[in-house]
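The structures come next, written out as structure tokens.
Shared chain: chain A. Partners: chain B in the first complex, chain C in the second.
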Partner chain A sequence: MAKPHRNLVRDYRQDLRLFGSPAARAGLAAMLVTLVMLPMVVQDDFWLSVLVYVGITAVGAIGLNLLTGYCGQISLGHAFFIGAGAYVTGWAGGELGLPLVLWLPMAALAGGLLGAVIGPFALRLRGHYLAIVTLGLVFVGEHLWRNFRGLTGGNSGTSVNAPVSLGPIDFNRVELAGEVYSRNQGYFWLVWALVAIVALLVKNLVRTRPGRALQAVRDRDQAAEVIGVRAGRYKIGAFVVSSAIASVAGALFGSYQQFVSPDEWNLLLSIQYIAIVIVGGLGTVFGSILGAVFVGALPALIDRFGDAIPGVRTSVGGEGFISVFALNQAIFGVLIVLFLVLEPRGLAGIWLRIKAYFKSWPFSY
Partner chain B sequence: MTAFLQNCFAGLALGSTYALVALGFVVIFKSTGVINFAQGGLLALGAYLGYTFSNNLLLGFGVAILLACLAAALVGAGFERIVLRRMVGQPPFAVIMITIGLLFILEPVITAIWGFDNLQVRNPWNINTVELGGLVFGVKDLWTIGLTTAVVIGFFAFFKYSPLGLAMRVTAFDPEAALAQGISARRVYAVSWAIAAALAALAGIAMAAGPGGLSPSIGFIALAAFPAMIVGGMDSPGGAVLGGLVIGLAEALTRGYQDQLFSWAGDNVSIIVPYILMIVILLIRPYGLLGTKDVRRV
Partner chain C sequence: MERLTPLLEVRDLVLRFGGVTALDGVSFDVGAGELFAIIGPNGAGKTSIFNCLNGVYRPQQGTITLDGTPLTGRSPAAIASLGVARTFQNLGLFEHLSLIDNLMLGRHHLMSTGMLSGMLWWGKAKREELAHREAVESIIELLELESYRRMPAGLLPYGVAKRAELGRALAMEPALLLLDEPVAGMNLEETEDMARYLTEVRRQLPLTMILVEHDMRLVMDLATQVLALDFGVVIASGTPAQIQDDPQVIEAYLGGAA
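What follows is the complex of A and B.
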């Protein structure tokens, strides 16, 4: 008997497989090998640190995509939860000196709890109250961070000295087969391993019953409620998980940067994450990572190569009509508008189209 | 008592600018169902245009205000025409995010043109004051309250008596029935954006003419009008005015009594008072003071 074609799906289980085709498995293996090998090939500290920030951003973006892409709720408060995660790390990891296996879950738990406290205010109503309530959250949060000096050090910020060792491996100084790797290389492995874990977690979540419920709420909340999905509960659930993931990103951010101040958790950070999930593709985990690579790296690149772009002012009072900060802001705004108008499915949508073309080749039209 | 009344007056002046911005939110929300985050950007744009007309072109202040409102209205209608119209039929959250994107495009454009410096708008009000019964009224504040009152009355008269206002109300009530009656939805949407932008520009100039001057952060001050809209009720123009005044009063009173009553809450707690008030209102009266409760039909 002839073998069925590789694209043929015969039952629901098959359709839900995470890594279905041999090609997908091979691609995944290639990606894993690349991630493990990359820090050994790229040794330049600047590029490594950009990649570490991209990884941290990818973690946060996956969290926001769960809420915005899969559940259709806009949150402008992502920056608040990222900040919360960073401060919890500063306290639990720095002051109490707890190990990585404790402070990271603690940050996630704190973020989730905060989300569970705030979510019900905004999400028990239909419509887009969440966007406005979380807008307020960013401002209330900034006020808290500036005045809650015991935890945050007030305006001047606080240092975060959390230990990052897992068993015998210290990510600040990885020793492997006689070779010693730098802090940036160690963090690259730690951060991207967490990207993989969070991606897998969310990917798994969205193919379960709660995941389908979220998407039903996004597509038509009334119809979802009629078939027995409790929309309010699932919206709050998505908000809690997304906040917890944001706090994990914040924890990594704080421990990598070793110093955080309240100026970092502003509206622009939230907008950056929104730009990432839109550019990457709403409702795809892979898209969040793509978006993080393209948009997350931008500020660092502009900061470094700003001199080469005409019209950009790199120092206070220097030449040029637009500052680095304003340029970032403008780019995020333009990306959001352009992608929503021209390519609402984002980079992931482009990728899926290319994939579909080759999958159905030679009958692609 | 004098201090209390003084603070109340400051609150009314601040509240009337919020009321103008919130009225703009409500107009767009009612007719198109979109929460317009770009309103803050339009406000800043209007204020800076007013600065250019008044300071650089040396026009009279009244003319400058009118021109700035007109120019902002054109930009608002332009946004609707170029960007928002392409999004008709898309899910609302995508449209909301477009307006967030527009806000973040407007801000850097403004700083690129006018810079980051604090500018003083040439205006006849300045820091002149009028004293009456032991209270000191800023001329600018009196004008703000007066102008807002006039605009709000004109706004309600427009919606009640003019054919276009009627068309807008019909479209807000039932878009399909309006279309069937030959009302152009496109025109209604464009006019809504134009009205909202003009209101924002007026509020912007009123803010900028004060002693604080004009700086790029003015757009973010306008975000406090969101709580005003929620407190009043998202779909109620009267609620927007009421909400604006409530928020303005709350903010001014907290600022006035910062040292006596609110020193425990940290410096500048008045900035976040609007948002806290909003959360309280959402808890006890989720559809706002004057908003209509959402009726769901399947």
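What follows is the complex of A and C.
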């Protein structure tokens, strides 16, 4: 008997696969190979550290996209939960010396619990109340971080010395087949493996019952109620999961940077994440990662190449009319406006268009 | 005609918005298996009855009981779980989700996968997804929606979107289906298509339907019982034939002494 064509879907099980077509599976394999090989090719510490930060940002962005892109709720409080995750890591991993398999879930749990406490205040109301409540949260958070010295070290910050080994592998110094890899290389693997895991978890979430409910609430909350979706419950659920993921990003951030201070969890960080999900594409997991690559790398690049950009002031009292910080702010603002006006579906939308073009090539429609 | 034991009992429903009385002491019974039509001029209170039935509005007075269970005071989501489904006059589809996902959402209250098990795509979550997908496919087949499966609901042609919404309501496996103007804005051909689908659904599924509709031909052809409203008050009820000749109904529709 002739073999059925490779693209023929014969049952629902096949239809529900995430990577159903041979092309999608090839793409997945290519991505995985890239992730494994990249740190061996790019050995430069600066670029590796940029990629590690991008990966951490991608984790957080996936979390925000779940809330904003899939559930339609805007949160300005992402920075608060990222900070909380970093401090939990400093305490559980650093002071108590717990291993990676404990401090990472603990950070997620703490973020989720904080989200569960704060969510109900904002999300039982319709409209953009969450944005307002979480805006307040960032400032309450900054105050807490500055004064809750036992945990955060106050204004001067605290060091985070969490162990990062998984069984025999120490990500600070990976030894593989006689070869020793640096801390940056190890962290690249750790962080990007977590990007893949979080992406998979969220992708699964949004294609099953709870994820569909989130999207129904986003599109039309009253119709959602009428067909049996308890909108309030799902808004809070999305906020809890999103906060937990943000705390995972914070935990990775703290443990990689080994030192954190309250200045890092400000409104700009939250706005950076909003820029990422808008630029990457609201309501897509892949877009969150794309956005993190393009927008998340910007601050590090500006910091590094600030000297070469005319008009940028790299030191206090130096020449130039705009500081690095202000330039970042301006760029995020411009990106948000440009994408909302010109390409509301973000980079993911552009990617889909390119894919559709080549699928129907040589026909243009 | 002998009527069956009522599935839905509505007694003395009063609904006010400030000084405006939308429903003023409306009572009626809907028997199991009936296709019960509610007619009346614009603003008569037809959609208000639906909004009371599924909990979107809270009536100031009166009771609604479905199969012995009181519905008044419950949330829309709770009423949906008790088996009341509805379609909307101006479409209530989730426009960014595919037709399949819209129909799967109809089965939300029959499923149980939570956030964590959904994330892990574990045995039970996966099995549940497959089982309900099969149920949804049978509705897609019944309503002949096969070629639109993957299309975002917002891009569906109007007539198809109306049918998809009927499909989502059917996916809920309701005991009582509320149809709010299923053929509004349709041409004759589309109206006849919808009538055919409704007849087919009634033939295949053990459903009780309440239909709000302006298209008198459709109502007279399909309905087993008709309730006529004007200014929130019941002016007549009975079989289509009885309603057609009722002088008060003629007056409400044609206005004044004709």
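Assume the second predicted complex is superposed on the first by the 345 of 365 C-alpha atoms of A that agree within 3 Å, B and C clash if a C-alpha of one lies under 4 Å from a C-alpha of the other, contacts with A are read in each partner's own complex, and residues count from 1 in each chain.
The working rule: contacts are C-beta pairs under 8 Å (C-beta built on N, C-alpha and C of every residue); 3 or more make two chains touch, one makes a residue touch a chain.
Given the structure is predicted, the values throughout are model-derived calculations rather than measurements.
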item	value
Partner touching more residues of chain A, whether chain B or chain C	B
Which superposed partner A:Val229 touches (first chain B, second chain C, both, neither)	second
Chain B versus chain C as contact partner of A:Leu301, first or second or both or neither	neither
Contacts of A:Ala30 with chain B and chain C, given as first, second, both or neither	neither
Which of chain B and chain C A:Asn204 touches, first, second, both or neither	second
Touching partner for A:Val9 - first (chain B), second (chain C), both, neither	neither
Contacts of A:Leu96 with chain B and chain C, given as first, second, both or neither	neither
A:Tyr129 touches, of chain B and chain C: first, second, both or neither?	first
Doubly contacted chain A residues - partners chain C and chain B	222, 226
Chain C partner contacts - residues on chain A that touch it in the complex	12-13, 15-16, 201-202, 204-205, 208-213, 215-216, 218-220, 222-231, 237, 241, 283
Residues of chain A that touch chain B when the two form their complex	68, 72-74, 76, 121-122, 124-129, 131-133, 135-137, 139-140, 143, 146-147, 222, 226, 267-268, 271, 274-275, 278, 321-323, 326-327, 329-330, 332-337, 340-341, 344
Chain A partner contacts - residues on chain B that touch it in the complex	35, 37, 83, 86-87, 90-94, 96-98, 100-109, 111-112, 116, 220, 223, 226-227, 229-230, 234, 265-269, 271-272, 274-276, 278-279, 282-283, 286, 294, 296, 298
Interfacial residue positions of chain C with respect to chain A in the complex	54, 56, 75-77, 80-81, 85-86, 88, 92-97, 101, 104-106, 108-109, 111-115, 118-121, 125-126, 128-130, 133-134, 137, 168-169, 172
